[in-house]
Amino acid sequence: MLTPELQVWVAAFATLAIFSFLAKENPFYRFFEFTVVGMAAAHAVVMEWDNYTKPFFRDYVIGEGQYYLLTAAAIGLLYYTRYMNPEYQWLSRYPIALSVGSGIGYSLAYDPRPFLVQIRGTFSDLSHINNWIYLVVFFLVVLYFVFTLGKEKPAMQAASRSARYAMMIYFGIAFGNTVQGRFSLLIGRLTFLLQDWLHLITL
Amino acid sequence: MWEKLANIDNRILYLLVALCLVIPIVKPIGMPISINEDLTVPFYDFIESLSEGDIVLFDISYSASNDTELTPMVKAVMEHCAKKGVKIIVAGQWESGLYFTKSIIEEKAEELGLIYGEDWVNIGFKAGGTATWRLMKTKFWEGAMGRDINDVPFEDLPLMHRVQRLDADTFAAIICFTSGSPGDGTWITYFPEIPLLTGQVAVQVASRMRYLQTGQMKGLLAGMRGAAEYEQLIGHLDVATKLMDAQTLAHLLVIFFIVLGNIGYVAGRRRNA
Amino acid sequence: MRQQVPSILTTVMAIIMFLVIMLQPLQDMGAEASINRWFQMLGTVALFMGIWNLTRTHLTIIKKRRMNWIFSVWLLVVMYGYMLLGMIQGNESTVYRWFYDALIVPISSTMFAMVAFYIVSGAYRAFRVRNVEAAIMMVCAVWVMLANVPVGDLIWSPEGWLGGMQGIANWLAKVPNSAVSRAISVGTFFGAMSTQLRIFLGIERRHLGMGA
């Protein structure tokens, strides 16, 4: 009944160790928690090294002679000054400034389009009652969040209350879907224990 | 007595949750599943409308944690594409996505009798983020470094000779299986001209419905339920369908505890009033 | 050098990036790909930042013999050992993959899965119907939970009036839910754009560790 494969056993014990936290925090849980934190940090470095750092230096800098990339490497090293003496920490502002600036340029160029398609979609095909309800709800919620008009008038208070009710529908649906999603993850882990470890089921 | 209903020990709750999930996994009930006309059917109909020889791009953008919800979708859609004779290019925006699904997809392709290089190709994860995908828009081979996930040159893969650009003339659809970012946002923002179908984790469905309304997404599979419905449509009941009974009991348990907690709360308030 | 130059660099880089994307001649030259490659190189040399930070934190715990310091020793051993294994043998090596599949996958998946238990206890203890808003939220949540599982079809069939539980759940998702989601995204978009413009104009400098 129990599989002899060591990997499945280790994975099963790790799974049970994490689940043991539900009863009480314990050293068994803590051991695997620290293990995964260390391994995950290392894994991120290894993936970055294999997918970016090594190929970039091997293929682009040395292979294709794109030596301009070495200036980026030099500036990128300034990130590490964050962990040095306070008199040098300001140097890390340079790579951060460049990265943030690039991100802003990218965002200003690309982000408006899908957003404007969404706005246009709100007004399309107003022949159906559903689209009118859509439009009204959309404006009520935008009014609630974006336009800080006086909330003393009864009309504004009614609009604000209606917007809150609409938002509660959104949060309720989000909660319902979140329950489904999270239980799917749990079902996946239980399936692993029952099928791959204990061989009690075959799916 | 009724107030005690609002104060049951957490460990008893957790035990009940575990039992409510384990029992239907071991002994499924087999409740029938209806098909969602607004989400799953448009997805299915779109694939059904494709012709033999059309090429689609699978984007595997999730990690091992979301395996239960999304991998059954990947397998079901792959089977549907195979039945239609649609060619598949598998890629990924997440390093971890193809890292753990590579062998699963290869097994499924073998089961379906697909020939690697002719019916499907896995180009793997490509470093560089959206810049790389934008480069592939006009220079696919250059953006993808000219090699597949096993380091085989594109020249040796007949299917890749038809793929020179990532555009609507080459690809009939992009099918993105995603649990976060980067994911469908990349395709909506940078490739709006290519029809987009998505398989989403249930958590993201509420926030993605607005894209269906504008046509930015053509179809959406919602979590494990969406995967189970798709299995029904293609006539191959698999893991997702078998696990829906556990999902049912889980939902009923949550509803039961919400009601129980509120009964205890109301009883406590009445007692104190 | 310390304050003005980084702020100016942010603005200049934003303009350069914007022009590179918008101007067709620069696009045809492949300027976008070259600049992006430059930025990827900028980011990739910082790959040891996370490791360095963890090392500093846990070395402090070990030096001061704080609670659970022995686990910090274990963490550093595992972290550097696994990292060296991966960098030397590559992430596709059998041993590396073995440990990845044996530990990282099950542990991280289980940590996500634990949330399901907390949802149950949270819903049980905190989800109280105290007012109209909470009642609306609860009704919608319960409705969607039932509609998402086969038992919802048994309660009210999709062939029935209004499409049954699933039909009404679909309407709720397509109309009010989608409208609210879009409106929230409008607000988020305006907020993000205004922050970006503030950074672009040099008014906002918190990203550089300076005040506004």
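Think of it as A, B and C in the order they're written, each chain with its own count starting at 1.
Simple rule for what comes next: a contact is a pair of C-beta atoms (placed from the backbone, for glycine too) under 8 Å apart; a residue touches a chain by one contact, two chains touch by 3 or more.
What you are looking at is a predicted structure, and each value in this text was computed from that prediction instead of being measured.
**Student:** Can you name the chain that lies farthest from subunit A, using the mean of each chain's Cα atoms as its centre?
**Tutor:** The chain farthest from subunit A, judged by C-alpha centres, is B.
**Student:** Which chains are joined by the largest number of contacting C-beta pairs?
**Tutor:** Here the largest contact count links A-C.
**Student:** With centres defined as the mean C-alpha position, give me the subunit A-subunit C separation in Å.
**Tutor:** 2
**Student:** Starting from the mean Cα coordinates of subunit A and subunit B, work out the distance between those two points in Å.
**Tutor:** So the centroids are 16 Å from each other.
**Student:** Quick one: subunit B and subunit C, Cα centre-to-centre, how many Å?
**Tutor:** Measuring from centre to centre gives 18 Å for this pair.
**Student:** Can you list the subunit C residues in contact with two or more other chains?
**Tutor:** 37, 40, 91, 100-101, 105, 108-109, 112-113, 116-117, 119, 123, 138, 141-142, 145, 148, 173-174, 177-179, 181-182, 185
**Student:** Note the residues in subunit B that touch 2 or more other chains, in rising order.
**Tutor:** 10, 14, 17, 65, 67, 127, 202, 205-207, 210, 213, 222-223, 225, 247, 250-251, 254
**Student:** Multi-chain contacts in subunit A: which residues touch at least two other chains?
**Tutor:** Correct list: 22, 47, 52, 110-111, 118, 121, 134, 170, 173, 177-180, 182-183, 185-186, 188.
**Student:** Mind pulling up the subunit C residues that touch subunit A in the complex?
**Tutor:** So the residues of subunit C touching subunit A come out as 2, 5-7, 9-18, 20-22, 35, 37-54, 56, 68, 71-72, 74-83, 86-87, 90-91, 96, 98-117, 119, 123, 132-134, 136-145, 148, 169, 171-187, 189-190, 192-193, 196, 199-200, 207-209.
**Student:** How about subunit B: which of its residues touch subunit C in the complex?
**Tutor:** Going by the criterion above, the answer is residues 6, 8, 10, 13-14, 17, 31-34, 36-39, 63-65, 67, 99-100, 127-129, 131-132, 134-135, 202, 205-207, 209-210, 212-213, 222-223, 225, 244-245, 247-248, 250-255, 257-258, 260-262, 265.
**Student:** What residues on subunit B touch subunit A, complex-wise?
**Tutor:** Those in contact with subunit A are residues 10-11, 14, 17-18, 21-22, 25-26, 65-69, 95, 125, 127, 145, 188-190, 192, 201-203, 205-207, 210-211, 213-216, 222-225, 238-239, 242-243, 246-247, 250-251, 254.
**Student:** Would you tell me which residues of subunit C are touching subunit B in their complex?
**Tutor:** So the residues of subunit C touching subunit B come out as 32-33, 36-37, 40, 91, 100-101, 105, 108-109, 112-113, 116-117, 119-121, 123-125, 127-129, 138, 141-142, 145-146, 148-151, 153-154, 157-158, 163, 166, 170, 173-174, 177-179, 181-182, 185.
**Student:** Can you check the complex and tell me which residues of subunit A touch subunit C?
**Tutor:** 6-7, 10-12, 14-15, 18-19, 21-22, 30-50, 52-53, 56, 60, 66, 68-69, 71-73, 75-77, 79-80, 82-83, 89-90, 93-102, 104-111, 115, 118-119, 121-122, 130, 133-135, 137-142, 145-146, 164-173, 175-180, 182-183, 185-186, 188-189, 192
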